[in-house]
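What follows is a group of structures, each given as structure tokens.
After this come two complexes, each holding chain A, first together with chain B and then together with chain C.
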Partner chain A sequence: MSDIDKIISSKLPKGRSLWQDGLRRLWKRKLAMICFAVILIYFLLAGFIYAAELFHWHVGPIQWQEEVGRQYESPGWKHVFGTDIFGQSVLRKMLYGAKISITVALCASIISIVIGVPLGAIAGYFRGVTDEIIVWVYSTLSSIPYILLILAFAVVLRDKALFGYKLTGITTVYLAIGLTSWVGICRLIRGEVIKHKNREYVMAAQSYGCSNSRIIFRHLLPNVFHLVIIDFSLRFVSFIHAEVILSFLGLGEATRPSWGAMINDARIELSRGVWWQMAAATAAIFFISLALNIFGDALRDSLDPKLRIQ
Partner chain B sequence: MITYIIRRLLYTIPIVLGVLLLTFTLFTLVGGDISLEIAGKNASKETINEIRQEYGLNKPLFLAWDSQLVNHFKNALTFNFGRARDREPVIDKIKRGAGPSLALMVPMFIGEVVISISLALVIAFVRGSKWDVMAVVLCVAGMSIPYLSFILFGQYFLAYKWGFFPVFFSPDLAPPQYVALPVLIGIVTGLGGNLRFYRTVMLDEMRNDYVRTAFAKGLGTGTVLFKHVLKNAMIPIITQVVLAIPFLFLGSLLLERFFGIPGLGYLMIEAIGSRDYLIINAMTYISAILFVLFNVITDICYAFVDPRISLE
Partner chain C sequence: MANTNSYLLKVDDLKTWFPVRKGLMRKTVGYVKAVNGVSFAIKGGETLGLVGESGCGKTTVARSIVRLVPATAGEVIFEGTDVLSADKKRLRQIRKDISIIFQDPYGSLNPRMTVGDIIGEPLKVQKGIRGSELDQQVAMLLSKVGLAPEYINRYPHEFSGGQRQRIGVARALALRPKLVICDEPVSALDVSIQSQILNLLKDLQDEFGLTYLFIAHDLAVVEFFCDVVAVMYMGRIVEQADSQELYHNPLHPYTKALMSAIPEVDPKLRGKRQRLSGEVPSIMNPPPGCPFHPRCPLAEKVCEAVEQKLEEINGKRHLVACWKSREH
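Moving on to the complex of A and B:
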């Protein structure tokens, strides 16, 4: 590079990628960043509980089984959210529930992304018979009411052995949610890939002899992947709510505290005037859902201004 | 038009076949032999064999005229779903549950559609003001409260504590009495999401040129909203409304469970508890059939509302 080139390139404004642009727009939204912080706290909490269990740290949330007081002590300085029927701290159970919920929602998201995104891309790229088969499969799945489908999967998979590994508790839950929830993202990616397929960059890749799989995974998917992130920031909420309903119906985690199980306990407690377990679980679900809803909307507006809803 | 309807109906065949394959995979291949569970722990070999005989579990899975796969298809197409654990035919249970479920869901559904569309029109009228912002904030907050909390707190305060409504279903209550509270809770729960959806639909419509023209020629806001905007917003509204109808049949699982209403949702929850695959299978199949049918109806409605569509 000659000196002149260096001078020119140092004077030129630095280019920004679309991602940088999007994240810069997102950074400017204060509310969205607060929500992001809230979401991060939930994730860190879940991670912390995993670490604590792994390294046997003596911290509150993983010692939820300990009796810290009498039965049904009301909230106060000693127990922020009171105690439950066994004298266990409701606060600890609530914090532990974050681990279960985040694990389920995260695993379900990963399963449905791993199934839905490649299938959608393949259907949209190849069209023809492949496309018809994939569309047929997801149309079939989407013709069954979502909650019924999840319940059917959860009931059937429960206590079944898969590759010698018995499916219990939350494994069943995230498998049931993940295996039924890839339809939305698959449809979205398929539509987007069909749009992108005839753009110049794909034709350029084809003309210099890229293989189909390279075009799909290295060229097309990076250009539509922001949709996956947007979609899942909003879908995550429905996964958390689905986990709560499944645990409530007794199809989820049976031995460890989860928000759904806490609400199930609260059903009987409420008639005795014990409202704190219910309030704790509701608050825990409410704040992460609210944060995810607001953050997901902001993310959509920032990353894909075309989708923007005024 | 007739060819359009026929073509549309033919498209449903592969979907129904797909649903049948899916239910077969789920409940027969993955679900496995349920005869031991039905018979109980101390059943003799003869009883188990009898049960396997009745449910056809002793037959080959595929590749025979009398295989379980063929029988699965045959039974579904003739709506013969076998007998539940208590020996009552599944189809009778479903027929009995449909009434209470519809008594709950129809008023809830109509109320929700009417309320959210009218509120959305009001919001379209005050768009951009602080009322609009407040409505959106309330919608997002409402969407974030778990469904179960709405039901539990609603039942606790409105029925149990303040006694405005009966707490549980009982056979001597008339339908308006026992469904009033569940309907109210159902409407409030769904309002956030629905209102937000219809608001977007209306606001998208408000940005069109014809709305500006209508205002410019001096029409009143009411006329523009009801005669112009509402009419043009019909396509997304129909999609949302008609495709929600098959879910009415399912009732609301959780509402029925909490209020003890003996509808289909209640039946489903019981079936989950006792792992009665036959009931779950029948419910899955019937709701899928209804969904597919209503999908066809939606498409026909489109063609009526927007004549440009049937030309495609």
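Moving on to the complex of A and C:
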């Protein structure tokens, strides 16, 4: 026993987990890391704008309301993306729009994961009646056209109070998106849990008396969670797009600039040859979409534990 | 079977049927009778081998005993209590005393957990052992199965198949069980590793006084390892005897065919091989009478009509379910 005591008290070599393994593979992909940097810039920008608003820093993006020039000045040295109808800087509006988009996409993702992952795990693990009820709910939800459903939720939730908190602007948007788009992740997790449930390591856990919740949280979810992350990275793009569409349709943020609202404004301007507001908003969407898509693919390739075995 | 008390585990007429559902209303159209009336008993400290070809229901028997799959009918008496009708609390206690070693050393260990967590989890959930005491017990278990205690923080994918199976053995022993169900513990391993694991299991049996239910499809392995051997075919036991008796005097034509399939090293001893013709009938739609009669070289009218029960034949604890074998 003293031998064993000595070994335990000494520092033991750490093994490399599948997570560390996957991150190492990801690190080796140059393009993916560049895309990650781009995504990080967007997030930092959004975070910076939050901080600036909180501490009243006088920086460009939060002073988007300021009239910096004449109406519709074309892009140039003074205004990189020109000005809009009120003479406000399009660049500032575009940067500020990052905050709205990131907030909406992040909150909507979290809501859909919080709803979808546990429901999927419960349905897949318990099967039977529980499974059928959950499948029935999400099948019903997914049979309604997506945009229509989001619109309906957004309209219903708009200006309603939830827990004494009035739902306005982007809160409505991310609630509407989050509450309607958990179906995909739920279905994915359910399928994976059904697959893993019959693996021998789960049977082993049952055989020595693990509780159901322990099996779900300690055994099943860690083994399917990489799919949540991959799904998150790809879904994030579609949430940014959903926000743009809602804002474009006039159901999103009305008082502050978002990319969707900018595109909506630019719709009329385009006929007058004012293209820069459209270009700025589209470019902002384009780069984060591209980065997230490439990064998501790389994540999928790196985090798949099957690659480890090959 | 004079004294039932000396048996640690007694399985009586165990049936595990899986319903086959079809159609929109998921109507049950039939059953897969994976286990169809299996009875056997294991004495404390003994090893019972369960052999048979793939799909004959060996694994389902093992899983039904610890209720990993629900049994349809029958009794499983472990230390005087019926496992199948035990309530949740009692079942949890029983699961402390019965553990399983699984077949696939790659699938039976959670790839996201460290070796320490895997081996320690039974101790954690059953006895609430934590912290340094847990580490100590895990390290001791690791050294018992021939692995260095330093491996405690490593992950399953960093080990070879044989080492992983040792981890599986350590986990099965963590709670000091009375009965260990070995579900083909060596069939996924290289032959050279197989003997290492088998020797390990033998040593552990001597050290801890374990009782094994040993499932295999390799008769050579079973001969070396088991005291009593039961041969299964299509969800039933067709022959059961002490290991030596069964190997020297197989009575059921199916057992004979299995025996003749064991490769013989000495060419002079190689007799005429008895090959089986045909295939295993569909388990959804088993033939009437003896399930083996379509492939049996000795089959007669009576075999097609009525199934013979498993009965003792010569007073040497030798049970066989065959009409023809009683003519000896």
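We take it that the second predicted complex is superposed on the first by the 289 of 310 C-alpha atoms of A that agree within 3 Å, B and C clash if a C-alpha of one lies under 4 Å from a C-alpha of the other, contacts with A are read in each partner's own complex, and residues count from 1 in each chain.
Quick note on the criterion: a contact is a pair of C-beta atoms (placed from the backbone, for glycine too) under 8 Å apart; a residue touches a chain by one contact, two chains touch by 3 or more.
These figures come from a predicted structure and were not determined experimentally.
> Looking at the overlay, does A:G209 come into contact with chain B only (first), chain C only (second), both, or neither?
In the superposed model, A:G209 contacts chain C only, not chain B.
> Answer with first, second, both or neither: which of chain B and chain C does A:M278 touch in the superposed model?
After superposing on A, A:M278 lies in contact with chain B but is clear of chain C.
> By the touch definition at the top of the document, which applies to A:A37: first (chain B), second (chain C), both, or neither?
Neither partner.
> Touch test for A:V114: chain B only (first), chain C only (second), both, or neither?
Neither partner.
> For A:N293, using the defined touch cut-off, is the partner it touches chain B, chain C, both, or neither? Pick first, second, both or neither.
After superposition on chain A, A:N293 lies in contact with chain B alone.
> Quick one: is A:P222 in contact with chain B, with chain C, with both, or with neither? Answer first, second, both or neither.
second
> Counting only touches as set out at the top, which of chain B and chain C does A:S139 meet: first, second, both, neither?
It touches chain B, and chain C stays clear.
> Could you look at A:I268 and tell me whether it touches chain B, chain C, both or neither (first, second, both, neither)?
Neither partner.
> Chain B or chain C: which reaches more residues on chain A?
Counting residues of chain A touched by each partner, the higher count goes to B.
> What is the contact status of A:Y201 with respect to chain B (first) and chain C (second): first, second, both, or neither?
second
> Shared contact residues on chain A for chain B and chain C?
On chain A, the overlap between the chain B and chain C contacts is residues 309.
> Tell me, which parts of chain B touch chain A in their complex?
Chain B residues touching chain A: 14-15, 18-19, 21-22, 26-27, 30-32, 140-141, 143-149, 152-153, 156, 160, 200, 203-204, 207, 246-247, 250, 253-254, 258, 268-269, 272-273, 275, 277, 280, 283-284, 287-288, 291-292, 295.
> Quick check on the complex: what are the chain A residues that touch chain C?
Per the touch definition, chain A meets chain C at residues 1, 4-5, 7-8, 12-19, 199-201, 203-211, 214, 218-219, 222-223, 305, 308-309.
> Tell me, which parts of chain C touch chain A in their complex?
63, 66, 68, 91-92, 95-96, 98-100, 102-104, 106-115, 121-122, 125-126, 132, 135-136, 139-140, 143, 149-155, 157-158, 168, 171, 174-175
> Write out the stretch or stretches of chain A touching chain B in their complex.
Against chain B, chain A makes touches at 136-137, 139-141, 143-145, 147-149, 151-153, 155-157, 160, 237, 241, 244-245, 248-251, 259-260, 263, 266-267, 270-271, 278, 281-282, 285-287, 289-290, 293-294, 297, 309-310.
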